[in-house]
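Labels for the chains are A, B, C and D, by order of writing; each one numbers its residues from 1.
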Amino acid sequence: MEQTLDQFTELIQLNDRAIDLNEIPWIPQTERAWFKPVRFDIATGRWINLLKVKPGGQVNRHRHTGGQVLAYTIQGEWRYLEREWVAKPGTFVYEPPGDIHTLVVDGVEEMITLFILEGTVQYLDDEDKITYQDDVFRKLKLYQDYCKENNIEMKELIY
Amino acid sequence: MEQTLDQFTELIQLNDRAIDLNEIPWIPQTERAWFKPVRFDIATGRWINLLKVKPGGQVNRHRHTGGQVLAYTIQGEWRYLEREWVAKPGTFVYEPPGDIHTLVVDGVEEMITLFILEGTVQYLDDEDKITYQDDVFRKLKLYQDYCKENNIEMKELIY
Amino acid sequence: MEQTLDQFTELIQLNDRAIDLNEIPWIPQTERAWFKPVRFDIATGRWINLLKVKPGGQVNRHRHTGGQVLAYTIQGEWRYLEREWVAKPGTFVYEPPGDIHTLVVDGVEEMITLFILEGTVQYLDDEDKITYQDDVFRKLKLYQDYCKENNIEMKELIY
Amino acid sequence: MEQTLDQFTELIQLNDRAIDLNEIPWIPQTERAWFKPVRFDIATGRWINLLKVKPGGQVNRHRHTGGQVLAYTIQGEWRYLEREWVAKPGTFVYEPPGDIHTLVVDGVEEMITLFILEGTVQYLDDEDKITYQDDVFRKLKLYQDYCKENNIEMKELIY
């Protein structure tokens, strides 16, 4: 009997994923900032992570090169030193390629935000020299190293 | 004086956006379901919306054709009739192109989920015929029509 | 010895591909049109194919829903009945989501064009009803069926 | 009279583009290499260009970070020092994020290839330090500067 297109599609399509983020650890990023990986898409270089920053913490001045960034604020307040707006729960942010900014949390509450990233994050010194950069592979290696050091099972987040 | 690449980039790059989703209305989608638009990307056909479904409500059986879907559950519980997993706050979902499913909310709490959509949503009858379809333009028109009927100012969500 | 980020990246990155399209068959699409598959990206729903149309042939009126299309003309001339321009070797075309058009080849030379497609192609009758649609899965099934029928080895074009 | 979805879509959709690449200049990139811009997508950071390299010319060792690359060879032969395959007319290439390679043209014929790029190209010295990088903005500035210096009208390639 001939295979229909619907049968073929069901057979060949990739698996869906439903990931409980409560089961994934927070990985130290800077002194008062952590990320929690959600997805590593190594076919396109995109990745998704939660970011948590304690009051007084920051993500140093950086440029997004080669891709756009989307963010949905879940908890707390944060802003970019270079911008006027303040993100709070329910604020959605779009950052265009080329954007340079410094993320700060001045409030009293820890912020948690979902970031969907394309391209590369380049951290800059005061003279705009790149000090180091984050891409999908660096984030994946940080996750791998953290799991090894802490004897935690890695989830299948490469998809 | 010559323009540096950094100066050029800052001049030419698109504007960032910070959108307070509390200022955007919930738009009726079915009897017990609403969407709240977040972004209409008419250059790529992608769109982003929050979905709210009351207990007992559902999103009828549909196929995602021509793109993948990402979802982050903010509140409540939901599942697909065709799957085993149940999404709750903090569950992240990836749906591959070709996926067919029926979204239901059995719990007692309203669910709210952020959906990032590519491609087209095709609603199917029992014989897998397409009854109608959602794409970035239909969602945008629903938003426009709702704002007109209710005398609400449209936000700039085409970006 | 600790693994550097460069070593990690080289280990984990996907394989590159170099595909000689001369080794892939032309697959009949309509009476005077053929496609030659180049890539089936089932993670995003995108696909790439060459299109060949003989003089007098056409690709019936269709809408691109849920994605954009890029095209690079390699040989011959072609146009859309609904547009003023004529594509010839070296013409690059961008088609936005939502675009509806009918491809015709009036010249004396066979046209060959590289198409990079996102979303879904919906063929429309005179009343704008969808008669059938092409997506990454239908194109892949046509390739599979053609190879089976003609006893041709399928190349690894899912990547 | 009420607006249909088809009417709304036709009204709101972006314009298509048909660009005759013969009207765009070749811009010097290195001593024996030129690029011809096709598209600058500053919303996503992607860009498209033709690359022309004379025999004996090369594109120095570089890494693609934050995005994938697609290439279609139009004329001539080329290869990466780090790979076994040789591209010739009709060879299609996929380069994954993270890939590092050095493009060389050993043949007697000028090569011309269409490249569709995401992310950022980072040129590396012998110790893998970044010497400089190409992104959509640098390519656009090179195009702008070349047109100004040579009194050539810029085409609308930002789309």
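In this text, a contact is a pair of C-beta atoms (placed from the backbone, for glycine too) under 8 Å apart; a residue touches a chain by one contact, two chains touch by 3 or more.
Molecules present, by chain and UniProt name: A, B, C, D = Cupin.
Remember, it's a predicted structure, so these values are computed and weren't measured experimentally.
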{"item": "Chain whose Cα centroid lies at the greatest distance from that of chain C", "value": "A"}
{"item": "Residue-number overlap at the chain A/chain B interface, same or different (half cut)", "value": "same"}
{"item": "CA centroid of chain A to CA centroid of chain B, Å", "value": "20"}
{"item": "Cα-centroid distance, chain B relative to chain C, in whole angstrom", "value": "28"}
{"item": "Chain centre separation in whole Å, for chain D relative to chain B (CA means)", "value": "33"}
{"item": "Multi-chain contact sites of chain D, meaning residues that touch two or more partners", "value": "9, 12-14, 42-44, 96-98, 137"}
{"item": "Parts of chain D lying in touch with chain B, wherever the complex brings them together", "value": "3, 5, 8-9, 12-14, 41-44, 137-138, 140-141, 144"}
{"item": "Chain A-touching residues of chain D, taken from the complex the two chains share", "value": "42-45, 65-68, 96-98, 118-120, 130, 133, 135-137"}
{"item": "Complex interface listing, chain C residues touching chain D", "value": "6, 9-10, 12-22, 38-39, 48, 70, 72, 74, 83, 85, 87-88, 90-100, 114, 116, 128, 159"}
